[in-house]
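Letters A, B, C and D mark the chains as written, and numbering starts fresh at 1 in each.
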Amino acid sequence: MSVIARLPRYTDAVAVVERNDFVVSASTRRYGLLRLRLDQTTGAASVLPGQFAMLKPQDSYQPLLRRAMAYYRCDENSVEFIYQILGQGTQALARLKVGDPVDLLGPLGNTFDIAATGGGEGAEVLPEALLVAGGAGSPALFMLAEELLKAGVAIRLFLGGASRGDLCGLNDFTELLSADNVVTATMDGSHGEQGFVTAPLEKYLQARRGQPAMIYACGPDAMLHATSRLADRFDVPAQLSLESPMACGFGICVGCAVAVKAAIGPECPEGFVYKKVCTDGPVFWSRELHWL
Amino acid sequence: MDSLAIEIAGVRFNNPVWTASGTCGYGLDMAGLIDLNRLGGICTKGLSAKPLRGNAPWRIVETHGGMLNAIGLQNIGARAFVEDKLPELQKYYTRIIPNVFGYTVDEYIEAIRMLEDGDGIHAYELNISCPNVKAGGESFANDARQAAAVTEAVKRVASRPVIVKMSPNVTDIAAISRAVEAAGADALSLINTAVGMAIDIHTRRPRLANVTGGLSGPAIKPIAVRCVFQASRAVKIPLIGIGGIATVEDALEFIIAGASAVQVGTANFYDPAASMKIVDGLGGYCSQNGLANISALVGTVLMN
Amino acid sequence: MDSLAIEIAGVRFNNPVWTASGTCGYGLDMAGLIDLNRLGGICTKGLSAKPLRGNAPWRIVETHGGMLNAIGLQNIGARAFVEDKLPELQKYYTRIIPNVFGYTVDEYIEAIRMLEDGDGIHAYELNISCPNVKAGGESFANDARQAAAVTEAVKRVASRPVIVKMSPNVTDIAAISRAVEAAGADALSLINTAVGMAIDIHTRRPRLANVTGGLSGPAIKPIAVRCVFQASRAVKIPLIGIGGIATVEDALEFIIAGASAVQVGTANFYDPAASMKIVDGLGGYCSQNGLANISALVGTVLMN
Amino acid sequence: MSVIARLPRYTDAVAVVERNDFVVSASTRRYGLLRLRLDQTTGAASVLPGQFAMLKPQDSYQPLLRRAMAYYRCDENSVEFIYQILGQGTQALARLKVGDPVDLLGPLGNTFDIAATGGGEGAEVLPEALLVAGGAGSPALFMLAEELLKAGVAIRLFLGGASRGDLCGLNDFTELLSADNVVTATMDGSHGEQGFVTAPLEKYLQARRGQPAMIYACGPDAMLHATSRLADRFDVPAQLSLESPMACGFGICVGCAVAVKAAIGPECPEGFVYKKVCTDGPVFWSRELHWL
């Protein structure tokens, strides 16, 4: 992935809550949109697509650890995150009120490889970017979509979730990409076709076999695994943004291990080593990964 | 701040605030967030003679006031540390303390020998809380004789001071501390993590791939303070306090209990600046209380 | 809810949710807040042959995710319990489990003999591990032989099932569990508190008059789950899980780890209704998951 | 002390923050006035002078334990507390915003003996009530003052603190009792005479030697101890409201021990036993206490 992002350009700063709005899905899952105001030091401007931040309400130590959140949208002095309210960490975020201070460490991690979508030397057609997102994975793809558009790349988004309300950022994506380029799938059929989002993706790859394309995906492990199998079958390169429980987010705890292929040798009999999702990722080429 | 300059086993430290093994990588990984020159010392991620791949995920799970980890001692190996990390680390004005482990006494010695080749190493910290495969997989730290044996063997080959890191998972920490002191340890650091476990009630599987893991963080602080206090009553060699230290108040509590220095561990994850705040806080404490040097506070707990 | 009715050592319990010794007084003290009839059992405050005055204040101090206590086993004595408390307690449809301790084997036997005179007692829980008492030094729980000796002696005089309560402050909980089982224990309850300490940095004195105390609460839950899991692999007798249990999820975690029942301790202090919520929650869990009885879940942890 | 109060008439309920105002004293100590709205079940109406509640913000578990707070003022459906912001527990209270839910267990503990101030059989003069308060101890005496007033008892309040702003409830007390009956003392002399509040108390007892009186005191241990010595010296009965770290507040942890005199015997060689501040107290006769 992009090298710049590997350099420790992150800062630990205090941001202030500008808004914290909630959505409840028919699947009864709850989501929050958190908008934070930053001062210059935190350089929101320098956030790259796919990067994330480690967040927690200031002076709150239960839960103890910060939570990783992908940047959804940024401008010079504010950033947005979309979080699904699951356990203690996101419940603590959900309690944040406008004006509350938040500890924000970021931007962290690498970024999606956009250049690769620019097409190889003398390629006739630019590859189309196929964005695949599930549930709370879609926020990680919004800035990517913006960048790809700027680069003049054709984009098609496959957005999946349990129900209509679980299609995080649907309206923003539709506005950005226009409805014809947004394909949705929900388990309850409340929006788009019923079932997994990988089904329409498969049909699409089937239909346009041979055409150059690049997959960018973020979502639950099962969705990413299915996506990588499709990528192999249709021989399309895929960049996957992974999740892992993280204690630090900046490379010091080695808790966020992901198995990556490596040359078989005395040091590495089984042909894989562990890399860190937080600093080596969160974006990995699907071909790099050794699915356990 | 000279009021914080201390000496342990003949080594001079900027201050008594170190980062704990496994919670600051090889040190450099924190350079993006804190000024390493302002740290008293850096205990590296545990190093072994051969590189280790580590455990499968999940490796960590958060618990109330702490976390469980089962990293599996993933590390690049002592040789690679000396060649790839040490040259860069040496540029900083702080003390470098490789944390060393093995599954047999010979593996400890092998790792130490590799590190002896490196320049700019100031002391070793022995992680004896790992299974002794030759002795039925029981941890060296759990048995006074085994703990003494590995200490003695390492002391024979180490040209630098040896700090032995104690485990809290024992019935009598004082007895094991005495045995390790008698075996020639220059100092003790305590505590390592407490063995714990968490189960995901939905999958009914242990949350850690390794089943059990090490509990760390503020949750274990009272156990750590007790261990430091008990060890201080049992041995004469200096103690380095570890366990849930996140604030200057925490550090002072350990120093008063008997610690000559402290290590910040899990706090580095959720408050990367914690060690810097503690250094500043200790300096302020000395000036406010007219202490010429922080060492005057070590072990000054008054008995009820 | 019959899905929660269980049997341990021949005794039938409404449900597997008990209140832990020392965290519910003599049971009656909680009648103002919860319906004692809906509790599976009540483990009383530790009882000794002679009444005990207990330690000087301060006896408790809060820590991150838990608390330290050094009550000093203050109690009215086994005789007074039988005469003054038992008649009232008996009126409730729940199981009464006096928690018993002594500083010598004879004192245990003396206390048990007094309790044998009482009606409506369903089992005894032996506290062989309370770390709070200076007298007697090393606790029975720290040594397999001592633990077995007191268990065997009590079994000889007790007409009711004997539950032995284990300490986490040991190197090998499995070995001690096996020894206690071999000595005739009908069940094990685990864990008791972990020995800890806190120092007031302003006065430089231990926060507890007793210097050290017992750590309890959510902070120790991962240690407790690990102990239950290890004991479940070591013995066949039923286990009762204790340690930081405050929610139905906590209770399920212990049951899956191998506990036939659970005890709610420190949570009674900050959430008096915790035990009731857990009873309701376990009932709901059984119906939602089509479990005829909660006992089907005991020890069903799947290995990675 | 009054027997009714010993019965477990307390409930555990959820109250809602109506106001949470702050005062900063010249001594740089900070205080908050917390007003909570209760529904009927919690029976604020039944709160007796000297009783307390165990409080914590709902769904907050760091710190884990609730904090004991004396009821300052009550009406049918709301209660007020004044807290000094010290450590984690009171800092958590200080973060409460209007509308936030609070776990409230109460009313707990016994109450001041007011009847005793009614004078013994055929007493010519009713004893005067001397209220002695230090710092965050004064809130525990406000409802008492109201009750004594109703009972037609003459009241004189001795109110002490580090500085003017540490005289909790000064304005309310002055309004209730009139300025002539409120004697203040501050360590910095910013209000009333300089020094400990026990100094004016001593002068007063000196001056009116022999006249029947009843002391009611609440404040730091040192102040209570000094007050009880004066009570002995001038042979005036004193009721002291004690503090102690409390885990439960309703008698089950036995953590809140206070040494109380007892007949010397085989069971009790040193002539004292431990009682519980939470259920046997918080109010004790100073003569009962065995000062360690």
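Keep this in mind: a residue touches a chain if its C-beta (ideal position, glycine included) is under 8 Å from a C-beta of that chain, and two chains touch if they have at least 3 such contacts.
Predicted model only: the values in this text are computed from it and were never measured.
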{"item": "Labels of chains that are neighbours to chain C and to chain D", "value": "none"}
{"item": "Distance between chain centroids, defined by C-alpha means - chain B, chain C (Å)", "value": "34"}
{"item": "Centre-to-centre distance between chain D and chain A (centres being mean Cα positions), rounded to whole Å", "value": "56"}
{"item": "Whole-Å gap separating chain B and chain D, where each centre is the average of the chain's CA atoms", "value": "47"}
{"item": "Residue list for chain A, restricted to those that touch at least two other chains", "value": "61-62"}
{"item": "Multi-chain contact sites of chain B, meaning residues that touch two or more partners", "value": "64-66, 217-218"}
{"item": "Topology of the chain contact graph, where touching chains are joined (line, ring, star, complete, other)", "value": "ring"}
{"item": "Touching pairs among all chains present in the structure", "value": "A-B, A-D, B-C, C-D"}
{"item": "Chain D contact footprint on chain C (complex, rising order)", "value": "22-25, 29-33, 45, 50-51, 53-62, 64-67, 69, 71, 74, 217-218, 266, 268-273"}
{"item": "Chain B-touching residues of chain A, taken from the complex the two chains share", "value": "8-12, 56, 61-66, 103, 105, 244-248, 250-259, 267-268, 273-274, 292"}
{"item": "Residues of chain D touching chain A in the complex", "value": "59-62, 91, 97"}
{"item": "Chain C contact footprint on chain B (complex, rising order)", "value": "63-66, 68, 142-143, 169-172, 194-199, 201, 203-206, 208-212, 215, 217-223, 225-226, 229, 244, 249, 252-253, 256-257, 300-304"}
